[in-house]
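Below are two complexes that have chain A in common, paired first with chain B and then with chain C.
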Partner chain A sequence: MPPEIKPQVPKDNPGLTVVGQRQPRLDGADKVSGRSVFTDDVVLPGMLYGKILRSTHAHARIKRLDTSKAEALPGVKAVVTAAHATGMSANSTDSVAKASKRRTGKTIKLKTGETIFADDVVTYIGEEIAAVAALDEATATKALELIEVEYEPLPAIMDSRRAVRAGAPQVNEEFPGNVWSQDIDNYGDPDTAFDEADFIMESKFEAGVTHNLYAEFHVALVDFSRPDKLKIWTPTQTSYLMQHSLAPAFGLSVNQVQIIHLNTGGAFSGRGAVRPHHYVAVLLSRETRRPVKVFSAGDEEFLIGRALGKNRYKTRVAADKDGTLRAFDMTCEMDGGAVGNEVGYFGWMAGLSNAWMFDLQGNRFQRKVILTNQRPNFLGHGGMMVSSNCAVQQLLAKVARSLDMDPMDLLLKNAVEQGHTGLSGEVFASCGLKECIETVRRESGWDDKYDKLPPYHGIGVAVGAMAAGAKGAFKHDTSAAMVRVGEDGLITVYTGIPDMGQGTHTTMAMIAAEVLGIDANDVQLVAGDTDLTPIDIGAFAQRGTITTGNAARNAAIDARDQLAVYAAEKLETSVDNLRFAHGQVSRVDDPQQSLPFKEVTWGTLNSMEGRFVMGRGFYNSPLPYGTTSWSFDAQVAEVIVDPETGQIDVLKVTVAHDLGRTINPLAVEGQIDGQVFSAMSQVIYEELVTDDGLFLNPSRLEYKMPRTYEMPEIAHFMIESNDPYGPFGAKEVGEGPVVVAGAAIIAAVSNALGGTLMPEMPMTPMRVLKAIRASELEKSQSQSAA
Partner chain B sequence: MLLPDHQYVRVDSLKDCLKSLRENGERTHVVAGGTDVIFNMRLRLFQPDIALSIRRIAEIKQVEELADGGLRIGAGCRLVDLAENALINERYPAFADSIRAVASSHIRNIATLGGNICLKTRCWYTNNSEQWRQGVKECFKTDGDLCHVIKSSSLCHAINNADTPLPLIVLGAVLTLQREGESRDVPIADFYQKDGMDHTVLKADELVTHVTLPPCADRTVFLKIAARKGMDFSQAAIAARASGTGTKAGEVSLVLGSISMAPIVLHEPARLIAEQGITDAAIEQAEEKVRAELGELTSLYARAGYKAHLAKVLVRRALKALREM
Partner chain C sequence: MAKHLISLTINGDTYEDLVVSDNQTLLDVIRGEVGLKGTKRGCTTGACGVCTVNDANGDAILSCMTHVLEWDGEAITTIEGLADTSDLDAIQKAFVHYGAVQCGSCTPGVIMSAKALLNTHPQPTEEQINEAMAGVLCRCTGHVKVKEAIRNAHRIEEVVSHAAGD
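Up next is the complex of A and B:
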């Protein structure tokens, strides 16, 4: 049980002046006018261009590798191969493995043994074999062509189902049968629930291979020209993890590694780890003692990018005839690709998250990570939770239908409430799930539409929950912040949290501005440079607003307390009789007596004592591990299916999100819009087509993502449950909506087809036509049975 | 991805252009808007010694009204200008629709009609970077002798994805092809060849200079199905034309695009409708005749079965649309 804790401000009358206002992004003008600097914009004196030679075989022995011609090419400054990276491993998240052990008592296999370059065997197309650094890109490209590789092709295994059959080719001899890991998580008592329940329903669901298609492609600029300082510019979600992965690999201490992430052009959970190209850039810079930029161009981006692999779910639900949900049991076969990596961990998260919304007796999640000669997989937007929630929520709609019950009533009947303790011990200190469901029911016109729409016009509902912050990756989950006060009243917030488009820097500015009672536009950010900014584990697990937000708040309070000394003296009162708001510092007991904030800063910093104001603050979850706060979400989607072409048109998505407290409505709407877009893209459009491990559609043109024309109308409702842990009561809105929107859309498509379950995502037109045929068959069978 | 080494030559008159093509046609690739050509050069799909820019040639950037009510359109006209041209919208609405269906507004701002007519065929085994292609065997397009999409084929099955030629075919448009000192007129229906490698009859020293549209009082329609609404090539597209009104249709023509190496003129379905009128029964019969005229289909960009299905859907939709006009 977490300690009893009171909200920072009252729910209904918090007296907030900045929080809750529609604040345009502080970096918005720079972003849209092209002034923002990204890693690829940085060119250092003497910088070389690095290119990586990649395997063209899914599985082959390297019989001969000859780099001599490339080395002899004028302009080439270095060629590196596995020989330069002996004993080095691209293990990225050992800490996550340790954390998982601390948290669950179980060891989740993460240690990949993944080398920087393929040693003597390549196990997927795109695997790194060698790299060059040259004076310009053309020379580097030419040098790659001069590297001679002789392959002896080995039998490859591309499908995870075939990979576990007897006699299948082995991807990695250490993992017989190609099983990387196999785990069962039992929460509560699923066995009794399944034994005692009135009935059980089950389904199968598959999710295809994706790519995150960042606006900013993978790039790393490394300056390792000094042996005691490794400087890296690169987009990332976590400079902290990068420092901790790279330092030991190159014999450095953590703070000898400086990570600079200027702006990060999209991350979607996929930029949480160090990848081979980072190590390659360091090796090239170490060899040449010059800065080297390694970047992907065009379709190479699809080879480097690790996102979601093929996942096959079997879902069972145990329920009673009165609509009580008793337990879930989900099995997932996960294609880990050639390197099993962390995907098993993501399966565990998906299994947990499926159940958070419901008061269940038991929940079981079984997962098997299987090695194949496909690209190594990692995370996409919403992780595996998008697809697992699609599988679960569709099935719940079917449960409701079988009971002749409205799905809304089923969800309401089983929804958790504030104070609920979940099956893995989680306690929901705030929870607005029922209000979310009631809101979307009312605002979407559900009761007039459900089962009343014309054929091929469907409506669907889904719910979800998302942990805001999850302590466990390290012993602590600390974010720190510093607030420097200028004599002119301009404030600088120092933070290590990366802004990868989610707008967290503006959030931090607003939080600091709220505490100091000033305009958020008077706050600037110094961020993304580990030499300048204090510790922050990073922007993942929805920890930004709640953890770094609290750190920024604490730092601003510290700065405010320092300023209060001068103001109290001038206003002839005590420091606790002061209010900072609207750019003024006033007496609480006599608001007429006030000083402009800028006068207070000027006076403080031009004192005889020579005072300097720097607020410092940090936040670390009070729990030993796990999460304090969950967001909740309900959404209704309305779709039209074209029965002739199989195309799906999403008309409207109504979103109610319990985010605790709205810091910035403008940013929240943007987050929701973006996540509805992303979820729609995942469940209807995005799929990498492969032919023997080779991506056939590695381009923005052929990897189909929708554009603004496909965007549905979106109605946003922000439910404020005022979380006691969150800054001003705020939780998260960075990932909660995406895991629900996809499930709502798929439920709507299923509804449009008379309740036929959609067995696969993305729901491409061919698959929709197939489902239509299946639904017609179901209809005719049920008619003939009647 | 960098452009391969090449010489960039800009000509300001048709005369200079044709002279340059006579001298260096085999080593040249013409660049008009460049939206497709430049990108394909980056992919090293072709590496001409000379990229010949024809963007400044005024003679091929006019739309002329002809005495018979037709139009003569310069091949160098930008798609955006043609899409907004009042005469085209008034007299050839299906053609105007097909122009607006090409790519995105940004691309239409520089892409030209001639460029779309000459659009190179596409295949996902070739239209990727040179480094990517090292993972597949050489095919017809890359100096090999096989086709990845139909392995037994002796032809390249890359797809002709151009949208604007479809209405131009049903409208009976004629292309003017010029070489130095010589000009020939080729009906656009005869311009394309069923070969992904050598997909038009255009010779290396020739330039498509003009498109002549005869007057047309018939009903016409253009429909396109793509994975998304814009910035996408068609999975299948159709242009259709019928004389008469209502269900009566003396002359009918139907042309499908984007499902094969060349546009496909549907003879039997058109004949059937011309005979029976655009009735529901005739449409149903016409649909049944479609598949036989499509020839061998590939699963390039979309599954073969889906293409065959879309072809029928488009025929049905186009005929019903014509009936309503």
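Up next is the complex of A and C:
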């Protein structure tokens, strides 16, 4: 049990003046004027251009690799291969293995074994073989063509179902049968639940291969011209993990590695690790003692972007006739691609998250990570939780239908509430799930629509929960912040949290401004450079607002306390009789007695004795491991399916998200919009089609996402449950909505087809037509039976 | 590879005697020879739209698909040329005010596409916005606030001063 703690501010009328206001991004003017600097915009003196030679075979032995012609090409400054990276491994996942042990008591079988370059054998198309640094990109590209590689093709295995059959080609000899890992997670007592339940329902569901499709492609600029300082400009979600991966690989200590990441052009869970192109850029810079930029454009981006692989689910749910949900049992076969590294862990997260919303007796998640000669996989936006929730929520709608029950009533009957202890010991210190469900029911007009819409017009509901912060993934989950007070009243917040577009830098400024009682526009940020900013593990696991937000708040309080000394003296009162608000410092007992904030800063910093005001703050979850706070979410989607073409038109998505407290409604709406877009994209459009490991649609023209005219109307409702741990009660809105929107859309499509379960995402026109035929068959069979 | 001398007028500044090769694109020259980095390099295959700039007529063009030699003597506007020295353009203000910017990587291309639309349709219909903006990909915003900003750009001064309580 977590300690009983009180919310930082009361739920209603907390007297907040900055938090809750629609604050445009502080970097907005820079971003709309072309002034914002992204990695590819940086040009350093003497900079070289790197290009990577990639495998054209899914599985082959490299019989001969000859780089001599490339080396002889004028303008080529270095060619590197596996020989330059001996003993070096892409070890970004060590910490994940340890985390699993801390949280589950089990070690996820994890042996990265991933080298920077393929050694003798290539195991997927796109694997790194060699790299070139040259005076310009054209020369580097030409040099790649001069590298001679002779392959001896080996039998490749492309499908995870075939990979586990006897006699299948082996991807990695250390993993016989191509099974990377196999785990069963049991929570509560699923066996008894399944034995005793009135009935069991089950389904199969598949999710396809994706790419995260951020606007900024993979790029790394490295300056390792000094042997004791490695500088790297790159988009990332975590400079901290990058430092900790790169430093040991190159014989440096952590702070000899400087990560510069002021602007990151989107991430969507896909930029949480160091990847081969980062190491390659470092090797090239080390070799040439000059800065080297490696940029991937066009098709190459799709080869190196690691996102979701093929996942196949079998879902069983045990329930009683009165609509009580007893337990879930999900099995997932995950295609890990050629390197199984992180995928099993993400399956574990999906298994846990499926159950958070419900008061269950048991939950089981069985996961098997299978190696194939496909691209190694990682995370898509919302991780595997998008697809696993699609599988679960559709099935729950079917359970409701079988009981002649409204799905809303089923969800409400089983929804958890504040104070509930979940099956793995998690305690929900705040929970607005029921309010979310009731809100979307009311606002979507559900009661007038469910089962009352014409054929092929459907409505669906889904719920979800998301952990904010993830202590246990590392020994600690620390974010720190510093708040420097200028004599002119301008405040500088120093933070290491990356802003990939979510607006967290503006959030931090607002939190500091709230504490100091000033306008958020009077706060500037120093961020995105590990030489300047304090420790921050990064922007993932929904830890930004709750963890870094608390750090920023603590730092601002520290700064405020230092300023209070001068203000109290001037106002002839004690430091605890002061209120900082609206740019004034006033006496609580006599608000007419006040000083402008800027006078307080000027007076403090121009005192006879000399002073310096720098607030320091940090936050680390008070729990030994695990999460203190969960967001909850309910959504209703309304769709029309065209029975002729199989196309899906999403009309409206109504979102109610329990985010604890809204710091910046403008940013929250943007987060929700983007996640509805992304979820819709994943369940209807996005799929990398592969043929023998080769992507057939590696282009933004052919890898489809929703266009302007396909977007639905989106209604946002922010439910404020005022979490006791969160800064001003805030939890998260970074990934909670994405895992629900997809499930709501798929439930709506299923509803449009009379309750036929959709067996696969994305729901391409062909698959929808197949489902329509299946539903017609079901109907005619039930009619002839009757 | 053959080299050529061309001149280009970018945001009102004329660059004489730019040395370019046969295979260079307008994007290469804007970012490389000229050194303006606001126009972003994305897919380089005409699929993502982040490299969009405006031609002398105010139409949107994909600079990564534009052969620079054919643009000798032409004038273009990039994201840096949208605002005059003291203030942002209405569409830029609208993007900031309505939260149509998130990561910002596609933003220059999105804004230049929107500007091209507004040049001919200051108060565009939903359909016109959808059509004009269909070629630029943005994952962060899901297009929602982008469209709101475009719809309201024509009255942004009024909206901003109202929001500021003037």
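Operating definition for what follows: the second predicted complex is superposed on the first by the 786 of 786 C-alpha atoms of A that agree within 3 Å, B and C clash if a C-alpha of one lies under 4 Å from a C-alpha of the other, contacts with A are read in each partner's own complex, and residues count from 1 in each chain.
Note that a contact is a pair of C-beta atoms (placed from the backbone, for glycine too) under 8 Å apart; a residue touches a chain by one contact, two chains touch by 3 or more.
Here the structure is a predicted model, which is why all the values come from computation and not from measurement.
Peer 1: Who contacts more of chain A, chain B or chain C?
Peer 2: The partner making contact with more of chain A's residues is C.
Peer 1: Between chain B and chain C, whom does A:536 touch in the aligned arrangement: first, second, both, or neither?
Peer 2: Neither partner.
Peer 1: Name the contact category of A:669: first (chain B only), second (chain C only), both, or neither.
Peer 2: Touch partner of A:669: chain C, not chain B.
Peer 1: So, A:298: does it touch chain B (first), chain C (second), both, or neither?
Peer 2: A:298 contacts both chain B and chain C.
Peer 1: Examine A:706 and indicate which partner it touches, taking first as chain B and second as chain C; both and neither are also allowed.
Peer 2: both
Peer 1: In the overlay, answer first, second, both or neither for which of chain B and chain C A:114 touches.
Peer 2: neither
Peer 1: With both complexes overlaid on chain A, does A:477 touch chain B (first), chain C (second), both or neither?
Peer 2: Neither: A:477 stays clear of chain B and chain C.
Peer 1: Using the superposition on chain A described above, determine whether A:677 touches chain B (first), chain C (second), both, or neither.
Peer 2: Only chain C; A:677 stays clear of chain B.
Peer 1: Quick check on the superposed pair: does A:217 touch chain B, chain C, both, or neither? Answer first, second, both or neither.
Peer 2: second
Peer 1: Going by the contact definition given at the top, which residues of chain A touch chain B in one complex and chain C in the other?
Peer 2: 297-298, 699, 701, 705-707, 709
Peer 1: Note which residues of chain C are touching chain A in the complex, please.
Peer 2: 31, 36-48, 50, 78-80, 82-83, 88, 92, 95-99, 101-108, 111, 127, 129-131, 133-134, 137-147, 163
Peer 1: Considering only the defined contacts, which chain A positions touch chain B in the complex?
Peer 2: The contact residues of chain A facing chain B are 54, 56-57, 125, 137-138, 141, 144, 297-300, 644-647, 685, 689, 694, 696-699, 701-702, 704-707, 709-710, 765-766, 769.
Peer 1: Residue numbers of chain B touching chain A in their complex, please.
Peer 2: Interface residues on chain B, with respect to chain A: 1-2, 42-43, 124-125, 127-129, 131-132, 134-136, 225, 227-233, 301-303, 305-306, 309-310, 313, 316-317.
Peer 1: How about chain A: which of its residues touch chain C in the complex?
Peer 2: 22, 24-25, 27-38, 40-41, 212-217, 263-266, 268, 295, 297-298, 301, 381, 500-503, 666-667, 669-670, 673-678, 681, 699-701, 705-709, 711, 714
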